[in-house]
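Think of it as A, B and C in the order they're written, each chain with its own count starting at 1.
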Amino acid sequence: MSAPDDLTRAVEAVLFAAENPMTRDEISEHLGGADVRDALADLSEHYDGRGVNLVKRGKLWHFQTAPDMANLLRREREEVRRLSRAATECLAIIAYHEPVSRAEIESIRGVQTAKGTLDVLMEAGWVRAAGRREVPGRPVIYATTADFLSHFGLESRRDLPGLAELRAAGLLEPVEEAMERELDSRATENAADSGDAGEHTEEEATDDDVRSLDMGDESA
Amino acid sequence: MAGGGDDGATGAPDDVPDLPPATLPFDEEAWEAHVEDARDDPAKLYIDVDGYEGPLDILLDLARRQKVDLRKISILELVDQYLEFIDRAGEMKLELAADYLVMAAWLAYLKSALLLPKEEQEDPSPEELALRLQLRLQRLAAMREAAARLMARDRLGRDVFVRGAPEGLRVLKKRAWECEWFDLVQAYGQVKARTAPVVHMVRERMVMTLESALSRVSSMLGVAIDWMELRQFLPPHADPKLKKSALASSFVAALELAKQGKAELAQEETFGPLRLRSMKRGEGE
Amino acid sequence: MSAPDDLTRAVEAVLFAAENPMTRDEISEHLGGADVRDALADLSEHYDGRGVNLVKRGKLWHFQTAPDMANLLRREREEVRRLSRAATECLAIIAYHEPVSRAEIESIRGVQTAKGTLDVLMEAGWVRAAGRREVPGRPVIYATTADFLSHFGLESRRDLPGLAELRAAGLLEPVEEAMERELDSRATENAADSGDAGEHTEEEATDDDVRSLDMGDESA
């Protein structure tokens, strides 16, 4: 690469530092009236093929990033967020009952569903509007997408565990009871930690007896 | 040693026009010119005195007038110059901050000590005091020169410029949602559980029925030879919940046996231990 | 001129477009984690001698106009704040001694430092509070910033003008230490004068050792 002459360097510096594109005359005026034609031509050629180009728009010259590098200036960054409890429930209901309308989702959940909740599921690409139900009011009905299946590693919706399996896994217990048991076991853990494990172990055993009685009863 | 005068005349406030770095090496002619001017217009010199940032600043300027390396400076000459400066300022009725006068007094002391014969010197010796002053002047001079060199560098926004109109880099945030299979399935389970029709079930409690209590008490009474307390009839290793039920049932059983004439009850005082024994034995006696 | 590869072009484009200087890691992150070391080296070399240069200040890279173009570009824009003498001296003392407390600055300048002086330097973004010195009173200590390096065109603090000479001359050590050394060497000189030259040389050597130790410490 041949070293640029001082005039070319000056034009380069002036255009680089300029806050606005400049005409040839403005550049020239800035440099004491020098003829900058050759310098501009040299620079254009020099920057051709680089990450930055010297371009002329109308009569105005300016540096800009090369067109094929434009995408670098806008970089996307993913922000991973966990689905809220409400959204998870909605998604589950849609998956198990699809296609369902919003009113149906609400009746299954037993609580109202905020509009944003379904939007989140659609933004995530797991739920889509699947037409309208032909009933009065023609409500929109929702269904899961192919992305949904692939995200959860399912071949098809039939791979979702059935109610019997859910029960066997203890997933059909009312929340309160599951909560209580959870709290109990935590309390026991804590007690064990604090050293008077003996007393609590006994208590636990009794509890278990009662529970196994319960279960026997239920299965009977 | 300079201490800090806290009135405005000591340190130059930052908004007072400062000597530009270029004039920093003391310009004797300019100084003399100022002094000449000041004879007509004392206020002018006042501004210059005010322009000094404390006595050390003046001392450094005076030291520079000796035009020798600061390491070879004559402290005695410097002291004389400073005292003369203070005198002149006094003649011109310039307001001098306490700092300047404290320094003058200290330098006068230093001078007399330096002139004394060595034997009479105390500790620290005047040579040490002079050396300390010299070292301080060297350090101030070094920093002043460093500052000038620093300010003379090619400074961004003054000598060199960044790109005038950068396109800017944008980072767009895109949300990606995350949900685990287990969370999904568990959520459904809980929805179903929450909304399932509620069925109430009474838990089976551990009880001792009246029948079993009756048979237990009567069989135990049959082999007993003396009064027995009611509690002795309870199953010994029962769980506390069962114990309560057993006590109640056994009490009712005891009453029933008494009613049937098979047992007799005794209680010494209210809420005292309830005792019972077989009636057969009573008949036998 | 050989055509630059795509990564080099990308780094060039990103640094041209950036509104602020960037660290190598930031550039790399923007380009999907690519190793940009070689690209930066190529670009620095390529722009060396042009009207625009790629420079590294501290850990930050940016393009700027060549210093010898200052006269052409300075124009009417005098954006740079003129610092008072007090402020320039404070800045120099902080830069050459950092981290340094206000009392230490004052002891060098022999005068109290107006509160506003340090504020001006902090507002300019050249000085920051850098914790507290663990001595009685726990005074705040000050140090220079990355912006300081950028503004004054320093690759690192080691490039401070005259730093090595000042250090070698002992002008960056406290007066007390210099006193001791000076008194020692005078005592030695006296001894030497009275005929014992051997000791003098030895003493001298020790001195040098101490100084070089100091320097090692600083650069560590």
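Here is the rule we use: a contact is a pair of C-beta atoms (placed from the backbone, for glycine too) under 8 Å apart; a residue touches a chain by one contact, two chains touch by 3 or more.
Since we're looking at a predicted model, the values are computed, not measured.
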item: Most centrally placed chain, judged by C-alpha centres; value: B
item: Farthest chain relative to subunit C (centres taken as mean CA coordinates); value: A
item: Where subunit A and subunit C are represented by their mean Cα positions, the distance between them in whole Å; value: 44
item: Subunit A-subunit B separation of Cα centroids, rounded to whole Å; value: 37
item: Between subunit B and subunit C, centroid-to-centroid distance (C-alpha), Å; value: 30
item: Per-residue overlap in subunit A, given as positions that touch at least 2 other chains; value: 13, 16-17, 63, 65, 72-73, 75
item: Where subunit B touches two or more other chains at once, by residue number; value: 161-163, 167-169
item: In the complex, subunit A residues that touch subunit B; value: 13, 16-20, 62-65, 72-83, 85, 87-89, 91-93, 95-96, 108-110, 120, 123-124, 126, 151-153, 160-161, 163, 166, 169, 171-175, 178, 206, 210, 213-214, 217-218
item: Interface residues, subunit B side, partner subunit A - complex; value: 161-165, 167-179, 181, 183-196, 201, 203-204, 239
item: Contact footprint of subunit C on subunit A as seen in their complex; value: 1, 3-4, 8-14, 16-17, 30-31, 46, 49-52, 63, 65-66, 69, 72-73, 75
item: Residues of subunit B touching subunit C in the complex; value: 1-2, 4-6, 10-16, 18-19, 21, 53-57, 99, 128, 131-132, 135-136, 138-140, 142-151, 153-163, 166-169
